[in-house]
Each structure stands twice: as C-alpha cells, then as structure tokens.
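Below are two complexes that have subunit A in common, paired first with subunit B and then with subunit C.
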Partner chain A sequence: MTIAIPATQPPRKYGIDFTKPVLYGFAAVLCVLIVLPLSWLFLYSLTDSKGALTLANFYRLFTESSFYDPLVTTFIIATTSAIVCCAVAAPMGWLVARTDLPFSGVIRALVTASFVTPPFLGAIAWELLAAPNSGLLNKIFRGITGAEPDVHLFNIYTIQGIIFVISCYTFPYVFVLVANSLDRTPGELEDASSILGGGRWYTARRITIPLVLPALLAGALVAFLQAMTLFGSPAILALPAGFHTMTTKIWSLFQYPPKPELAAAASLPLLVLTVFLLRAEHMILGRRGYSVVGGKYGAPRLIPLHSWRWVAFIICLLVLMLPVFLPYMALFNAAFSPVATTFLTFKNATLHNIQFVLFDLSAASLALKNTVILGTATATIGTMIAVVIAYVTARRAVTGWRVLGFLATAPIAIPGIVLGVGLFLSYTRPPFVLYGTLWILLIAFVTIALPSAYQQLQAAFRTIHPELEDASRILGATRLRSLWEITAPLLRTGVIATWCFIFVGVMRELSAAIILFTSETKVISVLIYDLNESGDLGAISVIGIGMLLITFAVVTAVNRIPGFGNVRFRN
Partner chain B sequence: MTKPKISRRDVLIGSSALAVGATFATRVLSASPPATEITPALIEAAKKEGKVIWYTSVDLPLAEKVAKAFEAKFPGVAVRVERSGAERVFQRIGQENASNIHAVDVVNSSDAAHSIVWKKANLLEAFVPEDVAKFYPVEHKDPDGMFASFRVWVSIIAYNTDLVKKEDAPKSFADLLDPKWKNKIVKAHPGYSGTIMTATFQMARDLGWGYFEKLAAQNVMQVQSSADPPKRLALGERAVMADGNEYNIFEISEKGGPVAPVYATEGSPLIVGPTAMFKTAPNPNAAKLFTAYSFTQECQQLIINVGGLRSVHPQTKDKPGRTPFKDIKVMKDDPAGVEATSDEIKQKYSKIFKV
Partner chain C sequence: MASVELKGLTKRYGSAAVVDRISLHIEHGDLVCLLGPSGCGKTTTLRLIAGFVEPSEGEIYVGDRLISSPALTVPPERRNMSMIFQSYALWPHMTVAENIVYGLKLRKLARDVIAKKLDAILTTTQLAPLAQRYPGELSGGQQQRVALARALIVEPETLLLDEPLSNLDANLREEMRFEVRRLHDAYRYTTVYVTHDQSEAMTTADLICVMNGGKIEQAGSPEEIYNRPRSEFVARFIGSSNVLKGKGLDGGRVDFAGVALRCTGEAVVSGATTAVSVRPHDIALSAKPPQQTENVVPAIVVRQVFLGDSRDYMVEAKDGTQLRTLTAAEENIPQGSNVWLHLPPERCRALLG
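Up next, the complex of A and B:
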C-alpha cells in the first residue's frame, strides 16, 4: 500500500536576493577603511617634507637615538608587561574558573571594572597614589615610619612604574582569554587522566596546562600588543619620567612644525612588529586548536581548595586593589579634597572641583556630547558590520568570505596611534575631507573596535546551529530575511554584549582621538589629556568618576531594554 | 640667532604662505584701523551669534573666570575656552587652517612669536579696541592693529615653603645647579608651553645652552604646561621649580598654598601674551566684543586680582603684597628671535632633556 503524499509546493518567492551586493558593499567599505590609511602611511614614510621619494625617514629612525631609544624602551615595556599580565592573570583565571573560590563572580566583576577603566585615567590615579613625594601611598609610608620627606616607597615616574600601570589595565585581556578557555574545557579529560592514575599535578601538567596554553599564548600576545601600542598611560607618565615611548614620540612629531612623514615612518615598526607577532602566533599554534566544544560535557570539575579558599580569595582581592580600589579611592579623594593629594577629611572637603567641572569648564558639555554621540554611533555601526561579517564567515555565505574575515581582523595589527596618523593623512585632503568632523573619529573608532567585535560575534554565531537558518531558507526566505527573523533574535545577548564592549572602548580611546580631534570634535578622553597637561588633577578626578558613572549607566540601561534579557557583561 | 634664514614657521602650512610677500607690501603702508568702541550695535550683533570660541594658553581656571565675567557682562554671548599649551594651540590652529577648518575666533598665546607668524600668513583681522588705542603703550600693540598685549608676566623660580626654608631657597638660576637640588626640581617643556619656549630662548641667549645641560644633570621632573610646575610644588611633589608661571604662584600662595616666588638675580624671563582675532572667525562680532572686553580696564584688573597676571593698561593697579612689576629684573623679550629659532630650540631641548 502506498500512501500518496500530496506534493507540497513550497511558496517560493522569486524576489531579488540582495545578499551578494550587500556583502560586496561591506567588503568595499572595509577595504577603504583599512587600505586607504595604510597606503598613505606607507607613501608618507617614503617621502620627504616636499614630497620627493626618499629613505631618509627610516635612516633617521634607526640612526638617531631620539628615535631608537623609544623603540627599545617600548619593547622592554611591552615584553615585561606581557609577562606580568600572564603571571597575574593566568593563576587568577584558573582560580576563578576551576576552583571552588568563593565569590568568583565578584572577582570577575572586578576584573571587568579594571577593564572598563581608561588606562590614562588609571595612570593619573596612580600618579596621585605613587608620585614619589606627593603620592598618597608614600605619604602613608612616611607617616607610619616617620621617614624623611624625600624617602619614598614607590616612584611611578619610572619605567617600572609605567610597566606596573600598563599591566594593571592590560591583564583583564589575558584573564578573560584564560578564564573563558578554562570555562569551556570539559572536566572529562582531566577525569580520564585521574582515572588512569594521573596525580593532580601530573594531570595539571599534561592535560590542563596544554589545553589552556593556546589561550595563554594569545593572551600574552594581546598584552604585548596592548602595552606596545598604548598611548594613554605613557602620555601621562613617560614625560615626567624623562623618556619617550614609541607612541608618545609619534605624538610629539605632530608638534609644530608637524612632521607627518617622520610620524608615518615611526609608525611602521609598530605595524610590522604587530603583523609579525600575529603571524608567529599563528605558526606556533598552527592548527593545534583544541576542539573541546562539542556534544554534551559535564561542567568542569571544580578543584576544592579547602582551607586555602579564603586565602586565595583574599589574594585575588589584594591584587585587584591595584587596578580598581586604590585608584578609585585616589580619584575620589582628589575630587573632594582642596589639594589633589591631601587626605580628605570632613573638615577640608570641598565641592569646588565639582562646581568647576559642572559650571565653569566650558569645553566639557561639548566633549561629553561628542563622546556620547560617538560612543552610540560607533557601537551601533560597529556591531552591525561585525554581525554581517561574522555571519558570512561563520556560514561561509559568499565566495571570498575568508577575505572578509581577514579584513575585519586586520585592524588588530594597526595600533590606534598609527591608525590615527594614517587617517589624518587620508582624510585631510580631497576627495575625502573629513578632518574636523565627527566622521573621521567615527571611522577611527569603528576600525579600532571591529576586530574584537567581529571575534566576539563569530563566537556567538558558532553556538547557533545553521540548521535553523537552513529551515528558513528551504521555506523560501532570502538569506537576509532568515538572518533577520531567525538568527538575529537568537543572537541578542551576544549583540548587546558587543555593543556595550564597543561603547566602553570608545570611552577609553585616546590614541587615535589625540591625533584626529579638533576643538569642535573634542572627546572626553582628550579633554582629560588637556587637563592633565596643566595639572588640573581635581577636575580630572571629577570627570573621570563621571565618565565611569556614564559607562555603568549605559551598560546597565542597554541591558535593561525590555525583551533583550539580562546580559552578563563580559569582556 | 639672528641669521636671516626663513624658518619653517614662515612657511605656515599651505597656501597662505604665498600671500605673505604681497600682503606685507600693502600692510606696511596701511595705518592701523580706527579704534572700535563697545557700542550697543556691536553687543546686539554679538548676541545674534551667541558664542565666541577662545583658544588660549591661560591657565584654565583663570581663563574660565574671564569667560564667566564676560558672560555676566554680556548675557547671551557664551564663551567656549579651548585651553592647551601655547605650542599646541599654535599647532592646532596651523593644522586646522591647513584643512580649511575655521573654528577659532580669538586667540591668546603665551608665545608672542605666534602672532608674528599669523600676521605674516595674513590670518589676523586688524581690530583695535578703544582701550588699546587710548591707553596701551606703543611697544605693546602691533602697528597694523593686528594684536596687542593682553597679559604680561614672568617665568620664575619658586619653592615649596614646607620643604625649603626661606634662607635655603635658591636665589638665582645658577643656584639651581647645586647638587642639593638633585631630584628636587620640576620644570615645564618648550614643546608644549609658549611661556617656556619664550623663557628657554631668553635663558639660552643670556646664560647659554650649557646651563640647560647642567640643569638636565639634576634629574629634573619634566611636565608640559608652565601652569603645572606651580601645582606640583603645591602638592609637594618637588621642592623647587626651575620655570613656570609667576601668576600661578601668586594664585596658590594667596590662597594659603605653601609656595613662594623667587626672582632670579640673573633676571626672570619676560613673557608677553598677545591677543588677536582671526579673519576667518566664525563669530566675528562676538570675537570683536570679546577682544574689546579683554583689553578693558575692568578685565585687566580682573586678571591682575584673581589671576596674578600683570597688565600694561596704565589704569590698572598692582595688587598689594606682590612685588611690583617695575622692581623685578627681567630678561629682554624678543618675539622675532623666538620666531626664527623655535624649531631649533625644541630640537636642542629634547636632545638635552631626552623628552
């Protein structure tokens, strides 16, 4: 007996599929975003101030000590910071992800807090804490020991001081990579090792550490690159310490008379080193990705710390005092005390700084407006681009998806200040005269934010099985429609987290902004830099605290939008 | 220092440089324009524009006080202060001008050489406020009416009175080379500050670059703006400042801060800060009103009283308790000299101090 199944004709629509034109459009935009500034950068580095071809810029770069000294300094700072970050973040990540550490959520939240803190603000706060004579910690030290006025415990105006401050605000990158990797590693592998007779240390050495090694290596690399390309902290601390790093040197080349050709040449070593390191990482890890996600695994086995639980927790808290508690206490102190590094008492408390920032500082409202506009626009546009590209690469939707993925990741190799120089050279001349508008900053911020946004969303896409989309496609929806109606709702949390991440990134960004701003397009970070120039530390503290409140408010507000559910804000 | 080469500053970015020769030829003949009073019509026109953008290197709290005083007197015209070090203001204006961005209405720089460059590049508007025409000494106003001295002060040595006893304080620049000041000196940077650019020029001329080489060996703490060393002294971060604004020292000490000025026996570098308005000012009437106001006896007395600055307006009075300006031995100012050598100064300086 046969049952005749009525032939169902799927309701096919013969509408035009806009997928391809849209995607190629994105590719073209990305090309312009990245290729244009880099081309100008290369061209400028090979010309003299009159425009003739020359190698003189590079000759100066490698023969004059005023150029190669900063290069060496930068290398030392970046290497040491990367080591420090790994040494602190890897054990902490392990404790949080793999042990029964109490309040591990609190630790994660505090790491996020240090990530959200702009590095330049952290540097200023540490200036208040650990300047050799006026620093609060040194004052306490002298108060306790009765030491002479010149004796100090800490001196932030040293290369060690800069390494310390950079590490404070870079270690979250390593922490997140390591902790996430450990979160994802199933406990079964370790159980198998134990069952087969492996002791705890043997298991750690042969199973856990190798599994987490790629994440640690990636973390070390990110930390190195961050430390190398950071402008904020060195800009605050290097000048008083009496040396330049590569980024502050590049910035100083824009002093009058500007020497963009030298700045371009000085940018290239940073670019080349970044590309080289990313390639090296790729070669070392090769295909040795550990495909550990798949099927259903039990939750990772938590190692009981027994009596060490609270010790470990207290150590974590002590470490997190350095990037979070102490700096914010110092900023709070400076905001309300009459002189920035005088200890606040009920008697001497003053609202003078608050009043100054709110009512007298005429540049503040414009800078705040610009920052909020740019933060919102960058986060929205950046998330949109990242979603599309992540989708295309995750689903291999068009030929050439690899190129698109590469283009979206490429900006990671361009340090912010280098991008700033490149964009400045690109958009101060026809046909694109964007300098002096918010557009040029928007382009810079989107470009800077793209790689991490793309990677976050790609990870989010991987968790959504294509069969859902396929079903929609089989039923006749175009790709864009199924993306909009099926995938997008599933991606909500990932998208919101990315949006917040980019918004926070804009608040933190100084290195490209410092090259690209004009008085009409000043942002808060640049305003803080300007205030630091003339030593107005009280005003900086007020703005810094305000900036943090705005960040938290925006992140909370976005998370509360009805229907979006609650996103755990994770970097 | 007097070599007649054309410095890079003359070739102020872009096309405007081409116009220099031609403009100069006609300017020499033209007299300064007639003085402008603050008339109700000007106030009305300024109110229509509603705002004025003031680029300046005056220490920010003082700049905002001047802005607030102006806003109180002329309600409806808001002042936005764009404050950074004079050399950065100069760079910013050059960079914006080269990109055809015209954001600045009125500028007040602490490097008098800047006005010379802007004038040569034909960027300034000839505008003579009534007070300037009537009261200002000839040497403090441009013959073509392009700028006049808004403020005058000196870059001085100062010390923290909690850390240094009066009798131990340095008396001269030479004293700062004493080994006892090693690690205890703070100083600002000519790459950012116009005051320090001017001061470095005068000190290098009178004391020689060798002085700076010896000073660098004292391991000085380097900051940017000339407003910063007084603030570092007040924090107690360093005991002595080798250069910085006299007016910040007054401002801090008169509020009870632990700082005191020293007028070096060699003479203190004399700093003159001219104000000018730009031809391309987006708010030309508000710019005129603000410029005119800034030279009035009222505003000049304000910058003396609350700011600690000096004024060349003859109707102003020194504030009691401060050393009268005429009693201070000053080095001779020479904006043209600074203009010709500023690039060289920056390079030599960063070679010596490594930053």
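Up next, the complex of A and C:
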C-alpha cells in the first residue's frame, strides 16, 4: 500500500483564536438579556414616581390591603394547589410505575396531554363547563334535577375553582417527577428488603416511600412555583370573581394610570421566592443520588393489584377526565355549536366559528402573523444561542464556560410576568425604545426559551462522545470540518426538536406578552385572552383546538427522540 | 524518520501536574507501551502527543520537527498521526465503509485509489461482508476492527492507541493483542500504546514505560521491567512481588530480620532503609535448615493453599514481615511449622529509596 501523504508544513499558529471573543460576546448578550431588566426592576422598586430613592413602594405593598390581600390569596392558592397536586399525582405515579395497572401507557399519555395544555385554555374550557349560569355541567345538573335557573352545582369563579383549575394543569409536574424517580429506582432495592423479612407494607414504608420522597418534595415546590407565577388562569377566573392574585395585581398596575414603581416592587417577592424555591428543589433533588448506587439492576417487580386493577384504572380515568376529557369536549362543543354553551347536536352543528376566525376576525390574522414571525425568529435565534453555549459547556471549550452555562439557565428563575415588567421598564426609555415593536416580545421570548433549549441541547451534546470529534481531527479534519461532518449530523434531530419546542412555547406564552403587547403586536395567546374578555368563546375554542393539535404533533414527534423525554413548558 | 521525542513534557491543570517532566525517545518503528494505573497520566501523555492537549512545559518532536510546545501546538489534523480510541469513536451515522474511507477522502485521493485501498483493508481485517452495515449493528470485536482499519488505512507516520482492547471480553482481548502486534510488525509504524493491563503490554511492546503519578518510573524491554524492577512501584505493579524492608549494610547487603541479604540491583546505601523485591516463585522453601547459610531466612507458615499445579504459602519472618512463596504441589507443610527460605542473591533486587 502506498499513498501520497500530503507533506506536513512547518508548525505555526493556525488562524485567529476565536474562542475568547465568542465567550465574551455571548456573555455580554446574556448579561443584557438578564441583568438589564432585573436592574431596572430593582431600581424602580426603590424609587417614587419622580425618581427619588424611597422604600415607600414596599411599605405600601405590605400595609395596603389591596396589595397584601393578593399576596395572601396567592399564598393560599399556591399552597393548596401544591397539596392537591401531590395528593393526586403521587398515588397515580406509583400506580403507573410500580403496579400492574392496565393500560398504564394510556394514563401516561393522558397526563402528558394535560401537561401540554396551555393553562389559560384549560381555564377557559372550565368556564364553559362550570360557569354558574351558562356552564354545561350546571345545565346538565338543572336538567336532571329540574332545579330553578339560578341554582348551580359548580361555580368556577371562586378561589376553590381557581385552585381546582390550576391543580388540573400543574399536577403533571409532580407526576413526572414521582414516576421518573420510581422508574429509576431499581426494584432490587425493594427485593433486598423483602428477602430480609420486610413485608410489602413495611418495605413500602421504609424503602419505597423514603426513596421517592425527595422527588415528591421537589414536585410540591415546583407545583407551588407554577401556581404562584401563573397569570392566565387567575386572570380569567379571579377577576370576574372580584379578587386579585399577585400576577393579576401586577398586570392591573399597568392599566391606566400605570404605576410601574409599584409593579416593580410587587414583582420582587415573586422573583425572590422563585429563586429560593428553585434552590430548594435543586438541593432536594441533588441528594437523590443515593437511590441509584452502582451495580446492574433488572426491571422492577410489579406489585399485583388483583381485583383492584380495573378499579384503579377507572379511578385514574375519572381523575384525568377533569384536565383532559371534559375540557376538550367543552372546547369541541363550543367550536361547532352556534352559541358556545349550548349543547352540540347534528342539527345545530355549524362551521360559523371557524369561518369567523379564519375570515372575519381581522385581529386573528394579525395575531397569527405576529406569532409566526415571533415563533420563527425566537426559535431560530434561541436555538442558535443555545447550540453555541451548549457546545462550549459540554466540551468545556473555553475557560469560563461555567459562567455561560449559569447565565443561560438563570432566566428559569424569572417568572414570565416579572420578566415582562423588567423588560417594559428597560425598553420604554432611550437609548432602547423597543416598546410597541415585536423586538421587545422577541427579547422576552428568547430569554424565556433559553434555559430549556440550553438544557435539551446540552443533553444532546452529552450523547455525542467527544472522541467522535477527536477521531475526525486526528484523521486530518479541521475543527470546523469535524463539527460540520460529524457533530452536526448527529445533532440534527436534537436541534430540530429544540426549534419546534421553542416555537410551541412562544405560541403558549401569555404572562410576559400580556405586559408587553400593543395593539399592533398582539400574539395568539393575547388574542385568546382578549376574546375571553369580549365573550367570543366559540372563536377561542377554534384557535385553542388548533393550538392543541400543533402542540400534540410536536410533543409526540419529539418524545420519540431518546433523551428528550422530560420537557417542561413554562406557563 | 518518524521517531518521536518527548522533552521534559509537563501538563498542569491548576497546580496539579498530571504529566510531570516526561522525557522519552521512541525510535522509528518501535511499539512503546505506556503502562500504569488509572490516573497516572498515560492518557494525557497520549493526548499531548496527538495534539488534543497543549503542554504547559516541554516539547514534542516528530523526527526533527517541533510539533508541540507551550508557545505553539500543531493541531491534531496536521500531525499525520492516527489514533484508536477507547470508545472506538465510530461515527454512528456512517456505514463501516464510510467510516474507513473518511481519512482518505480528506486527503483528496482519487476515487479508484480509495476503492482499492478500502478493498485491501476490508480483506485484511475480515470486514468485507460488513462494509455497508452501521456501527450500531456490529459486535464489540467487529467495531474494534473497524476502528483499526480506519486508523491504518491512512498510513500514518505515528499510530496512537488508547486502551484499545479494554472494551472487549477476555478471549477476544487475548486474540487481539497478538493481532495488534502482527499488524505492527507488518506495517512498522511508530506506535504508542496506552494500557493498564500488564500482560497486554508484555505481549505487544518493544519498550514498556511504567508510569506513576505523572512520571515514568522505569522504561525498558518487557524482560528488563519484569526481571530488574528499579522501584517498589514497578516491582509491585508488574507481576506480584514480595517487598522486604531492611537497613542497608556495606557490600550491597541489606539487614532483613537479622539476616544480611546479599542483593543485586540498585546501589545499597549503608545505614539507609532499603526496599528489596523478590518474586514468590524465586523463593525456595524447605522444611529443614538448608546446608548453605547465605540468604537463608527462617520463618513460620501462616497459611497455605493447594492450587492444583502448585502450593501457595504465606510465611512470616521474625520481624513480622509476611512473604508469599510458591512451591511444588507435593510440598505439604502444615500451618505453624518452622521453615527456611532461600532468597537467591541474583533474584533479590535492591530498589530505589
């Protein structure tokens, strides 16, 4: 064998070292994205309307009942929702992961369905079902019992109603954490207890429950966090009932006359609590390591439920009726019936709502256009930033990679509405006047999308062994060529998946958009909120069903990619 | 022409030196093994040679060409080397054939030349029927051969192997050791081979460098390393050794348990504590006091095990040192008996302090 080996040239420094400028460039971009809005937030919260330094905003926050009432309400809603979520999700997670429950795959799929349903859409669906007068369930109740027209069984416009609806779309967070933890906990750990003489309940009490407790606790914190920072559901259900939560209160401070200083002050407790709760979650889950100690494990031994199998299955289905079947049916009903809250029959079925949304609702085409532009731009820019940062951190390509990784994950601790307030304060003033343009929404969406995009892509990079790139280089390919020929093809599915996820996330985002939109920059989610105000529930249902279909398609496709199973949407 | 020379090579991460002032000359066509426990710096040394890591100090030359120094590092793709990785690093999105010809395509060879070379290497490595498969569809041994073919087809000046056999099962590993040596003899590339397995090193290497704590403890031929270890680490790491400690006496003797042992090996400093290694099968054990008296140590049997073709004794000398020794299977001396050990002077190796 003889081949001409290209003559090797004398050594020299090859090209310019791009790593430093790249690092500083991205760090600067991330700093602007995160630090700028937060700085203005802090500054505003400490000044009065004339710009003088003061603590009066915080004083009002904790003394005026119009401020601390929402604080207390939010606390009650968040705590109760977290408890309800755990009470529902923990047993269900155990049934699915550790017993011979029939069709456990179907149960998991239904939980995923409620996971990806935008909470504001769920809240509107439950308006259709359980509004005191027009709600479908109340109509059925009156039809059966012959009660008077002003009698009702359910009233969704109450604090209980809000807690119920929030729990419907928050319990999946707890479920996923508990079920995953049980999936990962090897069955041998329980077998070891049995062989030493531990009965089934003793084993459950001493081994299984302590092993999943950290996941459950973390789930409770996440549920609390979700319930606390949600804007859509409380805005749809609490405002008609005549009370505020923190998020709706912050939003109301931007209605005329705007009081940005107070909004900033009211945002800070949310921010501080979020940071604190995420730290706590991290600490709890960080210690989970002890449950997966070395060795090779088989699949867990499923606990036979015997005659309770089908009972348990039916109970699970009944529970899942609440977040999935009933609301979806209500949306379907509203989409095709002439009036949103009359029952659909073959006779009265109509395509009027679809026609209205597609052709008559001028706001819809603008919102759709804005959403597509923002979705595409956010997904493209967000994926690009995330790819570079994930590469740098996964390969530790430059010193200081830790800082980049930290900055890319930091926005996770900023609730959407708080970010909205911060960006409003940052970009309504020179030199950056972006309020009223799509740019400010783009910045908001990129910031919101960045943490999960970064985490997904980092996971994707971790599945690509660095030696795959090394092998290409030692055979004569440059770093760029190796990236292009080896890394890029292997990363392609991950990148596409991330892009789609960001796009879907933009479509669902409401709490930052509600602060930042103007009449020319409305997006779909804001449009749905507006239509709810004006009572166009049929149109909402049509748009909502479309949104759900797109979301399901993306989630189903992406779940087939290994390693992408656990995706959290932010609400 | 393609000798490799490391001069005072050092790699520090923070203040810890992972590779510590290594100097080594590898003749063209030699197969050198870097042997040592995990964390001894052998893989970092290999990655320094490959150019994936930049040295903190020192230089690497190929022939008279400087390829690595703190000031400049020729990138891996300009070094005309090839490497086989521990994970094999086969690209999962390319077929076996695509994996193998990757390096040739980079060298912009004519299509028919590439095809001819591919055919030749597929035959040599017995991969021809698998050419259109993807790496995920191959067994471990087949993947290993693809990695080998991919590295060899570009005819590198230098071939680097990073624990290439550690992912194979025991039988295949033994077979592949000889395969690596056979291919090396056929092509005679300058080869650097990293392993933690001493029998792998023994079978394949011309020169073994035993590494410990970022330094080369001893470099030499397999016989030299085994028969004439210079440090306690090498004595213990290569094969099993008894290491005795005693005070140095004049005339190359060491005072061990009241016996003045005559030793070979490193110079014995009078008065200094000196370690002496002696291999279990070199010790002659007898139940009666032997006639000769030089290098005879009395001891007591602590335990003994019948191993079929031999018997494994653990005995204890007066000063409490325990020694392992092997005897013929018939030599059955009960536990607690007095025995006499003859340690042949030419097998007692005084070690560096």
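In this text, the second predicted complex is superposed on the first by the 401 of 571 C-alpha atoms of A that agree within 3 Å, B and C clash if a C-alpha of one lies under 4 Å from a C-alpha of the other, contacts with A are read in each partner's own complex, and residues count from 1 in each chain.
The criterion applied here is as follows: a contact is a pair of C-beta atoms (placed from the backbone, for glycine too) under 8 Å apart; a residue touches a chain by one contact, two chains touch by 3 or more.
Keep in mind that this is a model prediction, so the values were computed, not measured.
Enquirer: When the two structures are overlaid on chain A, which partner does A:Gln455 contact: first (subunit B), second (subunit C), both, or neither?
Expert: Touch status of A:Gln455: no partner.
Enquirer: For the overlaid complexes, name the partner, subunit B or subunit C, with more touching residues on subunit A.
Expert: On the superposition, B touches more of the residues of subunit A.
Enquirer: Who does A:Thr54 touch here: subunit B (first), subunit C (second), both, or neither?
Expert: Touch partners of A:Thr54: none, neither subunit B nor subunit C.
Enquirer: Could you tell me if A:Thr99 is touching subunit B, subunit C, both of them or neither one (first, second, both, neither)?
Expert: After superposing on A, A:Thr99 lies clear of both subunit B and subunit C.
Enquirer: Output check: A:Thr478 vs subunit B and subunit C. Expected answer is one of first, second, both, neither. What do you get?
Expert: Touch status of A:Thr478: second partner only.
Enquirer: State whether A:Thr380 touches subunit B only (first), subunit C only (second), both chains, or neither.
Expert: It touches nothing on subunit B or subunit C.
Enquirer: Which partner does A:Gly242 contact after superposing on A: first (subunit B), second (subunit C), both, neither?
Expert: Once the two structures are laid over each other on A, A:Gly242 reaches subunit B alone.
Enquirer: Looking at A:Asp470 after the superposition, I want to know if it touches subunit B, subunit C, both of them or none. Which is it: first, second, both, neither?
Expert: second
Enquirer: Once chain A of both complexes is superposed, is A:Thr493 in touch with subunit B (first), subunit C (second), both, or neither?
Expert: After superposing on A, A:Thr493 lies clear of both subunit B and subunit C.
Enquirer: Determine where on subunit A the residues touched by subunit B overlap those touched by subunit C, and list them.
Expert: No residue of subunit A touches both subunit B and subunit C.
Enquirer: Within their complex, state which residues of subunit A touch subunit C.
Expert: Answer in residue numbers: 1-6, 8-14, 465, 467-468, 470-479, 481, 486, 489-490.
Enquirer: Flag every residue of subunit C that touches subunit A in the complex, lowest number first.
Expert: Within the complex, subunit C touches subunit A at residues 50-52, 65-67, 72-83, 85-87, 89-93, 102-104, 106-107, 109, 113, 117, 120, 150-151, 154-155, 157, 160.
Enquirer: Flag every residue of subunit B that touches subunit A in the complex, lowest number first.
Expert: 8-9, 13, 53, 55, 59-61, 64-65, 67-68, 78-85, 87-88, 90-92, 94-96, 98-101, 103-104, 163, 183-184, 189, 191-192, 219, 221-225, 227-228, 231-232, 234-238, 257, 342-343, 346, 350-351, 353-355
Enquirer: How about subunit A: which of its residues touch subunit B in the complex?
Expert: Against subunit B, the touching part of subunit A is residues 66, 69, 131-134, 149-150, 157, 238-240, 242-244, 252, 254-258, 339-341, 356, 360-363, 366, 428, 433, 435-436, 518-520, 522, 530-531, 533-537, 539.
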